[in-house]
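Each of the next two complexes has chain A plus one more chain, namely chain B in the first and chain C in the second.
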Partner chain A sequence: MRNSTTRRWQGVVAGLWLISAGAFAAAEIKEAKEAPPVRLDSTADHSKFKQLQGTFDSGPKVTKACLSCHTEAARQVHRTKHWTWEFLNPDNQQRLGKKNVLNNFCISISQNYPFCTSCHVGYGWKDKNFDFAAEENVDCLVCHDTTGNYKKLPGLAGHPAYKPVETPPGSGNMVKPPDLAKIAQKIGKTSRDTCGACHFFGGGGDGVKHGDMDSSLAAPDKDLDIHMDATGLDFTCATCHATSSHDVPGSRYKPTATDKHGAHIRGKMGQGNPATCQACHGNTPHKEKARLNTHAEKIACQTCHVPTFARGGVATKMSWDWSTAGQKGADGKHMTRKDDHNHVIYDTRKGDFVLGEKVKPEYRWFNGDISYTLLGDKVEKSDVPTGVNRIGGSPADGRSMIWPMKVMRGVQPFDPINKTLVMPHTAGNDDIGFWKNLEWEKAIADGMQNMGAPFSGKVDFIKTEMFWPITHMVAPKDKALACAECHSADSRLKGIDGIYMPSHSQKRWLDIAGWLAAAATLLGVLIHGALRIVMSRRK
Partner chain B sequence: MSATKIYVFKRFERFWHWAQMLLVLTLLTTGFEVHGAYRLFGFERAAGYHTIAAWSLVGLWVFAIFWHFTTGEWKQYIPTLAKVDAMIKYYALGIFTDAPHPFRATRLKKHNPLQRLAYLGVLLFISPLIWVTGWFYILHDNWTAWGWDKYLSLETVAFFHTVAAFMMLIFLIAHVYLTTAGHTPTSHIKAMITGWEEVGDEETGAPAAK
Partner chain C sequence: MKRSLMLIAAVLGSVAAGSAVAYDADWKRGRVYYRQICTSCHTAQMPKPIAPNDKVKADWAAYLQADKHAKGKETVKQYFGKPYRASIKATNQAAAKFAEVPDQDLLDDVKAFLQKGAKDGDAPASCS
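Take a look at the complex of A and B:
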């Protein structure tokens, strides 16, 4: 009895509590409703800035408005690769960057400036006389747009359209130019979309160049990228490429192949590249299976955790043969051929392509050293491909890991007399560019002259290869490589030296000797046993 | 024909033997899969089972070693060359002509001289080789932390582990066959199941009757 009375009283008290707590909560909600709305993603609402009202008829005018508050921004950008397209490799003194290197995709920017520089963070780089010191030439919007409406079109040297543009050309479909004021008022942090506007489309199209970066990463699901998963962790590029003073860390010219710094700790200086896996996960990230941490002493995280690239439904180019360019259709016009997946595999202007989806990477020891074959460097035509870039690494140098690579293979024009690679003028609606005129000599002479490089006038084609370390499209852990992908006779790491892997690296002579000895023993006892049976029957 | 039976294998010994048989078979099956000889469980599970079986065998051996020393049974493995020739002769000739088995098991001498030598070889050579290399394998995760990676290579460890595994396989084949070479084809096997070994007639089963 006493117990139940107590309980009843407890119930009453608890009920009163709930009622009063509810009343309080209601009062708080009411108060919150009365407070004016506040943006929590930034301390500044750019739509309230008087500098950004009205209309802007050019990009540089927007930049001037930005710089009236962000006084240091342009000069910060001026110091970066995104602006200079130049990088001096401190290890071998090679002058790299898009301004100087060649590749085996569209080859180079020489005399193709107005097209290539639609991905420059600037306005007006239409030839080699571009003013790299002008602050208003920095394009703030291309990285900080949040509307998705800001587009820099090929051929406009980094400018967006300021007049309606027929898109695609000849379609009669006129696209309005972006409203720069509106875009400026909605400025924000960088996003997968802004970085991706260029980096997803490297090589002239979606997914063409990298293989591990394409438009599918704009809103990936968990399987495509565990970190950028749009309904999960939703990382932007800058979550890993944590940037300060506009200088984005992470480099393809000087990558961090081995990161022994461990997870980054605030306040600790000199921790290196923040974009590595280890910068967050440390060097012993596997909590349940310690054996995997042992693997991680020699194997880059990406080797297991990026099982395939071009996984999001966008194909990447695996090879490009320029030597077959120029074939025209029966009508004498430019043509394209497509495969069953509707991918272009031949283009009169460009030659033959091989595309790949869900591609298994090739694997190499890699220590982060990359050297390029630059314009003046001697090349020899042979069956062994010439490295447009070459990667360093060995099992013994103490700073290499086994990395997944996209190896882009190509056949591209070169000068057989001077024995150098060449930079053709390809793009452009003029009477020189190869894509319109299909004449190599003229196109190459123009591109080379622009660089001040000698050209014999003769053109031949040379096999090349180029290494692209794979690091994006990180799969969830349950989709990482299974053991047997490497621990098997048909191993992904077949041919990699300096490793012993059970199930893959066994010594053949030992196996033959072992099994023969076992078989001989078995045969011996079988004969012995048979003899015993025969002898006992005979009795 | 009145067969004499003696109690040779005690309960723990029989348990040890059969448990060890299961573990060794598991280790050989999974081990050769890990080595890449065939595909049965898949590499990951095979390696996992192999490790579990290895640890289980370690546990079993802790008990077995304790048992051997506390009971004095370790003396069963002291080698002797006496009558080894008789055993060889028996396996080579006598066994076919129904000659009497030259060895008569007793509680104090349960293994014939050839058995003693073979088991001692397993205990002193194959097992240490397989154990030491197996431990190196199991501890591979700590090589770098302990500085062992400067002196050891997985390739060498794997080589000797595989050599020992082949030797164990060969031992197993011979051992299984020789279980049928007792006084009757099944007397050894029955002994390892029941503990009681049939040692032959009182009259003719005497050791080295000739």
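Take a look at the complex of A and C:
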């Protein structure tokens, strides 16, 4: 009996094997024509890795798991500007980077570390004693998240929330901690979303700082950016900023204003910055209208191909006046004022703002040289704004092109005795930060002491300006600037030295001389013709 | 007997593993489809388009489950169908790009985006 039952089961098993074998054979015939489905965006499915299963209660623990396979990654990151926030300009030896420079937005990171470092590619930079050598302090997820759920909140020194956090404080809006394991299991290549998580929000909000980078570039259409068009070429940031060993090329501290290397050829060494237009398009990019290539010798591609910035529906700050900060509402509390477009144009903590959308750039000769006014550099109060940065360039130096710029104008605190710009402690729920306490002297003294810089105790305000070369939001060619935008009396390039533009650079005496010459020629022809007729009749 | 049952389980398991895996919704494609199909049409026809963060996750789930568009005069699903995409692809780049994507995949993509971008989602999203 037992033997017969066993035989029956064996028969069933054999039958099932035959059926499945037949099914697989049929599938194989089909697969010979069509490959089986497979992930094409990565060679590894990280959800299958034991190291990433289970739960993680901190970012550094995720990093340790990543480093168990990617053994060199953290030390590669340690060599980059994204980690050090420092850059030594080889041309003028200025030590730049977010760790050292000032700006005319939120001014500086001194004593504001836990807030500013929510955009650091690391965990735990809460004061100047941060351990830059610790490998587990590198944040892999901030650049490699594909879920869009990884967020580093201001005030947490580069950490994500590990428990629900009310953001902003007092708002009642609770932000949930991200599921680190789930995010780690889905990591992938960088994207516009990951780079944009910081670069779209520079200056403290969406689109505030750059003007040509804001959240509208996360999934833009063709008109907003021909390269990043989500339904077209769909470039990520890394398509142009072609990264090697975690080092991202393309720097605002030492930009490439003129690229004479031409289009990059694979394998050729020393081709320069891969993020320039010329790196793909070469130096004679106009195939149909070759005449335009002569323009490309002196005019940056961006000048014609980025007709306006902040045109994705997100406004950018064009000026910031810190001197008016501190006004409170009728109830004695902090207040904000908004314009008709619901943009905040006054904030008790920050002063007055001017915002702009679809802004026409200003244009300047630019050769890539940028120098900064750093802490300790002498400044003089006057009606002429102090350059927080200054750009080099002229029509005659052989290195310059005419570039579009966002010029950020501001009024910011400075030390009128020592004649230096200052770094105030602004953010934080403590007894010093300006945003809570509204006392400049205390806030500046703390920020300057942290940097080891002198402060007289006196505060005044100084006009400043800062240049931001415009390079993103490249319009399709049919939306680029038309000829008349420059070749007209009201030219976009009016006031630019060293150029002669037909229909713009008009000189009345030259016009009169030209017309007189033309009239004299015509008169001469008429007289000559008349004489010939008269003479022939006489014959 | 026990060995034979284990063998059956192994065979059935291998057959199941060989079958199609569950579709992993692409919220980024859903975002593009929502903004360039749903938002662009609503922007043209309504005073204010509906942003993902205008509703909570449960509302979006209920809306898609009910499958009623224009107060029940038509279905939501029809706007994810290939015929609809074909009808607008000459003027809509998203419809052209995703013309051949299976209907259910696109619907799942947009669902994923709406769950994520809802007011109580992991990353509340506006229209742009």
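Note that the second predicted complex is superposed on the first by the 470 of 539 C-alpha atoms of A that agree within 3 Å, B and C clash if a C-alpha of one lies under 4 Å from a C-alpha of the other, contacts with A are read in each partner's own complex, and residues count from 1 in each chain.
The definition used in the following text is that a residue touches a chain if its C-beta (ideal position, glycine included) is under 8 Å from a C-beta of that chain, and two chains touch if they have at least 3 such contacts.
Predicted, not measured: the structure shown is a model, and the values here were computed from it.
In the superposed pair of complexes, A:Thr294 makes contact with chain B only, with no contact to chain C. In the superposed model, A:Ala396 makes contact with neither chain B nor chain C. Residue contacts after overlaying the shared chain place A:Gly232 against chain C, while chain B stays out of touching range. Once the two complexes are laid over each other on the shared chain, residue contacts for A:Asn149 go to chain C alone; chain B is not touched.
In the superposed pair of complexes, A:Leu522 makes contact with chain B only, with no contact to chain C.
Contacts of A:Ser215 after superposition on the shared chain: chain C is touched, whereas chain B is not. When the two complexes are overlaid on their common chain A, residue A:Pro178 makes contact with chain C while staying clear of chain B. By the touch criterion defined above, A:Asp511 lies against chain B but remains apart from chain C after alignment on the C-alpha atoms of chain A. Counting contacts by the rule stated earlier, no residue of chain A appears in both its interface with chain B and its interface with chain C.
Partner chain B is touched in their complex by these residues of chain A: 290-291, 293-294, 297, 482-484, 487-489, 500, 502-507, 510-511, 513-515, 517-518, 521-522, 525, 528-529, 531-532, 535-536, 539. Across the complex, chain C meets chain A through its residues 1, 4-5, 7-8, 11-12, 14-15, 18, 20-21, 27-28, 31-32, 35-36, 93-94, 96-97, 116, 122-123, 128. Here chain A touches chain C in the complex through residues 5-6, 9-10, 12-13, 16-17, 20, 23-24, 27, 37, 147-149, 151, 176, 178, 191, 193, 215-216, 218-219, 221-222, 229-232, 312-314, going by the rule given at the top. Across the interface of their complex, chain A is touched by residues 33-37, 42-44, 47, 91, 95-98, 140-141, 143-144, 153-155, 158-159, 162-163, 165-166, 169-170, 173-174, 177-178, 180 of chain B.
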